[in-house]
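Look at the two complexes coming up: subunit A is in both, with subunit B in one and subunit C in the other.
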Partner chain A sequence: MTEIPQSSGSLSRRLTLQLMSGAAILATMLYFVVLNVARDLAETSQDNILFASATAILEATSVQGEEVEVDIPYGALSMLGNVSDDRVFYRISVADTFLTGYRDLPQDPQENGAGSRYFTDTYKGESVRAITVMRRISLNAQAADVAVTVAQTRTGQMATVARMSQVALISGAGFFTVAAVLAVLTARSAIRPLNRLAGSVSRRGPKDMRPVIGPVPSEMVPLVTSLNRFMARLKTSLTRSEDFIAEAAHRVRTPLATVRTQAEVLLRRVDREENRHSLREMIRAIDESSRAAGQLLDHAMVTYRTDHLERERIDLAELVRELVARLQPVAELKDLTLVADLEGDAWLHGDAILIQNAVRNILDNAIKYSPRERKITVSVKRDGESINLQVTDEAGGFPTEGSALLTERFARGQNSAGTVGSGLGLTIAKEVAEAHGGSLILNNTKDGGGACVTLQFV
Partner chain B sequence: MRFLLVEDNEGLAGAVLDRLRLDGHVVDHAADISAADHFASTADYDLILLDIMLPDGDGRNFLKAHRARQNETPVIVLTARSEVSDRVGVLDLGADDYITKPFDFSELEARCRAVLRRRGGASSNAQRFGSLVFDALAGTLRIGEEVITLRNRELRLLEVFMSAPDRIFSKSKLVDRLFSYDEDVSENAIEVYVGRLRKHLAGTDVEIATVRGLGYRMSLIPGPS
Partner chain C sequence: MRYLAICLSALCSAILISFPLQAYEIEGQHRFGPDDANRVLRIISTADVDILEPLMTLYLKGQPDVAIDYTLVSSGELMTAIADEGAQFDLALSSAMDLQIKLANDGFSAVHESSATDLVPEWGNWRNHVFAFSQEEASIVVSPQAFAGLPMPRDRQELINILRRHPERFAGRVATYDLRQSGTGYLFATQDARTTETFWRLMEVMGSLDAQLFCCSGVMIEAVSRGDLAVAYNVLGSYARAREDLADSIAVIDPADITSMMLRTAILLKGANEDALARSFIDHLLRSAWGADTVPEYPFYKWHLDRSEAAAATKPIRLGPGLLVFLDAQKRKRFLRAWLAAIKQE
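Then we have the complex of A and B:
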């Protein structure tokens, strides 16, 4: 069975999350930068007009004898109205003495009596932006500071900033959305070669050990190189073990065949009954050991193949027809009638070699245990969704108790005394059926005259 | 029949040669592919028995070349491989059948017979004895105009008697020829088959006589003259 390694989280999710959190930080920064710039810009433009307005008023201040006279130019205050409909306040004072305007308007005089200073304050319950500009004049031979303060409520400026911040928010969100989509796409395209590699390796047949050629991204070259090296090693060891099994089988079977044939030749030449008896025993022992070896190898092969089923579309009816033709000479030796009862074709997805092996084992059993001159019938019938392959004989049937045990390894039925077998046949058939999601059913025929073995494929 | 045996293991080859010659067949033996090529191109055989693992190559290569030369002689592969893996392969390459070592000679004979029957027969099949014409390959016995189809064991029993008329075969020897070694049969089982053959032979000039204590013998009934 394939062991699934412990997952340490998804690479593509991690990449997506990292890219997206980067995008989120950038989007937030973008938002604040745009907001600040907008606020600065709005403030600066208001400040510039406030400055122009205050300066214009200051310049219109003159000393007439001992009086300070201010002729506020119309434009000085109306220019503020160009920017917004905000209310405008002003205050003019000379040497800390209120001259005209709003008496309680706060001002921010400078120590040295010259220059300008901006400030933000609250006036009449509203936030205002204000400037105080100063000039030092000579009044009655004394230096006196003229301070002109012009203030404007900030409703318009704040509306502008609010509008700008909305724009900043929308563009930030837009930026984030685009970046998030790009992050997902990037993560996907970065992971794609990995997925492609996994796909191309897992789509392979169980015996496909060709190296992966690529092209793969350079970061994956070490991984693919070690994968290829691993597959090459696996291929070598598989080939070696297949060769080993073939070689072992050859080394074991050839001398067995020699001994068996020589024993048969001797049986023809020898007349003494004791010698003949020994020779027969010898042949039996050879048959038993070679059959056991064969079935053990078969069983190993079946176990190996059930792990990696090589499924293809096969016609069970055709497979049975070929097998029956092949086993006919063996059945004829006992004057058994081997009949294939096939109704049309029966296609299924399965491993042909395994299914063939399973059916052959069932038929071998039937032939082996059947008394001479009986009939063995193989039928393939489609029954709704399932396909049933049934082998019926006339050999007396399974003992009523213990037929479930027959499919256990090395178990043999009661009538097996005197018949050569290793007891793996039905086990193999059962394992093959189960590997294909089917089952092996052992019954006796209705009249009790024979056994009925069913391979059911669903 | 004439066989070509391609097998590198001397012990096995010797035993198979002995066994085939016992039945009166003519057998040539090739120990490798080059010898097999030589034999197959110089003589006509009824059947080739081919091993797969040979010292100078894979028997399947011989098979491919053999079929490429349009040589129609049937080939039965003797394989030592496992049951599952590559048996189908040899059939695809043009073998007529295969049998796994170690093999039961009766099975090999049955397979040879089936292959030859499928291929339309060997050179001369029919054997004559008295008024009987026996075709072991077709499994028929012709008596005058009447053609009887014999069951497998009747056929093999008659084959044994035909191989040596007038010779006495013990029940035990006949059991060995007719039944496989894993069957538990009493010697009396042979009486059933002898009985059946006698029924077929009734009214002809051939009889199967019981030789008390020794066995059976097939011979011609001495004529009225």
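Then we have the complex of A and C:
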């Protein structure tokens, strides 16, 4: 049972959100900055032209005898019409006395009687931008201040600002969109090495304990180092326990053989039926233990060899033929017919000892579970790219439930009661098949009268 | 007692509102359309009624419940009526471009935008408040008889040369507007002064020939046709050309250096009683003036469709705040002083 760790939220989503909110803040700032600049610019350009206009009028002011006369240049007012279709007002006064223009136009005179000042006011029901420029002249031997005020409504300025704010809005939105796309891409690419590592680890076979050696970003090096160290420890510990099991099995099997021989010698000597029965039970138990020890050894050997798989060209048909010949005596003990159904050669690259071991385990099972006087068929057939080795028996087939679990270690079928076995046979076959890139397929025959075990090599 | 006083004052003001004191001078009042019409469009205009009558009749066709009340005034009186006395009108049509601009600038006009206003060239529309509906040329009207044996002048310089060379022939027979009386004359003169270098020289030459000053184009045209005048400068060419009965006795010359074009303009007055009617009438005017179709009722020459050389020298007077300059009292005073010095030479 794998424990799924509690998720504290998606790293990539958090990264995306943070980048996007940053982009949103920047886009909003961009909008307001552009808007401010546009407003300043529009106001400045209007101010400049107002200044030019007022200055032109002021320069056309002259003293004629005892009076001040103004000859407003045509350009002074028409230039205001060049930039926008706005209403234009002006007022000229000398020493606080109205001279010409719009009498009630507000003005903003300065104390010192020179220079210019801009202001915004309301005139004739509309907001106006205005400037008052002043000059001190000598009139009747006295100093008099000439004040020229030029005002213009701000429709054009507002239109410019509105247009610019639209541009600012569009560029802000565009900036945000681009930044958002980049944020998503960045988050994805930042997370990619993590996903790659997770993928490469989770794709591994159950026994693959090799260290991760692919390049990883420096931030992930500690994690991967720890992972590698952890796997190395796990591998050592696994090897040690398998070694231990193999050693134990080996140590147990030899004395068991001695005990069995002794028990058989004893059986021949003992006459009393109940004692003979006990001895037979004993021999049976010893057989079972011995077989289990053998399979444990086989399994340890398979585990070792699959870790260091040596591939050589072998003829599966030849291998099966030899094995059938070797097991023929065992089968005959139960009056079983062991048939090899071979179609020419079947060459493949693999570890002959492992494959032999796997096939022997399957055949052992078939022999073990078959009632007397039945038939067991071993066939080797090419099927396109793959080679199928199939063992068919007439032992009643696998129980319909739980056949998938049969290849688990120490799992035994429901019909195994009374049969010697450890439950490692099919596990060994499966591991060998998988080590060669193949698979083990368990079926029942079509009539349901037997099992059909297939070793498929691709 | 106090109630009575309030009632009385209310009554008085009510009477004042319904019968406003009318101080501006009316030259003529006309009514078109049925007497019992529900809606009456009130137009105040400087254009002679027979000029615009066909267009108004065309407008009223198919609108049985609409009538037009047409008040004819001089351009100065139009300004007085609207700006000073708050007379109630829906539309103001005027040839005084500067005064129309001033009315719009000072906030007496309302904005109008429609498919018809889109037809108006950019220079004929000031901020969707002032719309031009005619272009009328400032021409030189001469008597062909007086020029017998002399080449016809084509521009101001040629006119100056001829006048200088033959003072005996032209003395006392040259004329132009009296700028003190005529808004149109003042407008033409100020634009000439601004755009041509020859204007002041021409005025001095004319002054040396004892120039006659007139109030209006019509009078000058007739004087030329009678042979009393040899040259009338800055006369509305549109009026002169319209007088087909005088075609043999006058010649109309559009100065080839530059021909100022006066624009007759329409403004929608703020607070119009018949706002919708006024807008539709403006659209009607503008479609007749600037539309691609020929409208026989349209009384003015469509210069913008003319691709000739004469049309190339025409220059519409620019609508805009620049026109306010010459309305300035100080500016006007100085300009008239200079002009009188040239033309009177006293």
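The working rule: the second predicted complex is superposed on the first by the 267 of 458 C-alpha atoms of A that agree within 3 Å, B and C clash if a C-alpha of one lies under 4 Å from a C-alpha of the other, contacts with A are read in each partner's own complex, and residues count from 1 in each chain.
FYI, a contact is a pair of C-beta atoms (placed from the backbone, for glycine too) under 8 Å apart; a residue touches a chain by one contact, two chains touch by 3 or more.
Because the structure is a prediction, the values reported are computed rather than measured.
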Subunit A residues touched by each partner, larger count belonging to subunit B or subunit C: B
Subunit B versus subunit C as contact partner of A:85, first or second or both or neither: second
Touching partner for A:260 - first (subunit B), second (subunit C), both, neither: first
Which superposed partner A:353 touches (first subunit B, second subunit C, both, neither): first
Contacts of A:328 with subunit B and subunit C, given as first, second, both or neither: first
Subunit B versus subunit C as contact partner of A:70, first or second or both or neither: second
Which of subunit B and subunit C A:385 touches, first, second, both or neither: neither
Partner chain(s) touched by A:280 [first = subunit B, second = subunit C, both, neither]: first
Shared subunit A contacts, counted only where both subunit B and subunit C touch the same residue: none
Complex contact set, residues of subunit A against subunit B: 242, 245-246, 249-250, 252-262, 264-265, 267-268, 271, 273, 276, 280, 283-284, 286-287, 290, 294-295, 297-298, 301-302, 305, 326, 328-330, 332-335, 353-354, 357, 360, 368, 372-373, 418-420
Complex interface listing, subunit A residues touching subunit C: 69-78, 80-81, 85-89, 92, 99-101, 124-126, 155
Contacting residues of subunit B [partner subunit A, same complex]: 9, 11-12, 15-16, 18-19, 22, 53, 78, 80-85, 88, 97, 100-107, 110-111, 113-114, 151-153, 170, 172-173, 176, 180-184
Touch list for subunit C against partner subunit A, complex: 104-107, 126-127, 194, 318, 320-322, 324-326, 328-331, 334
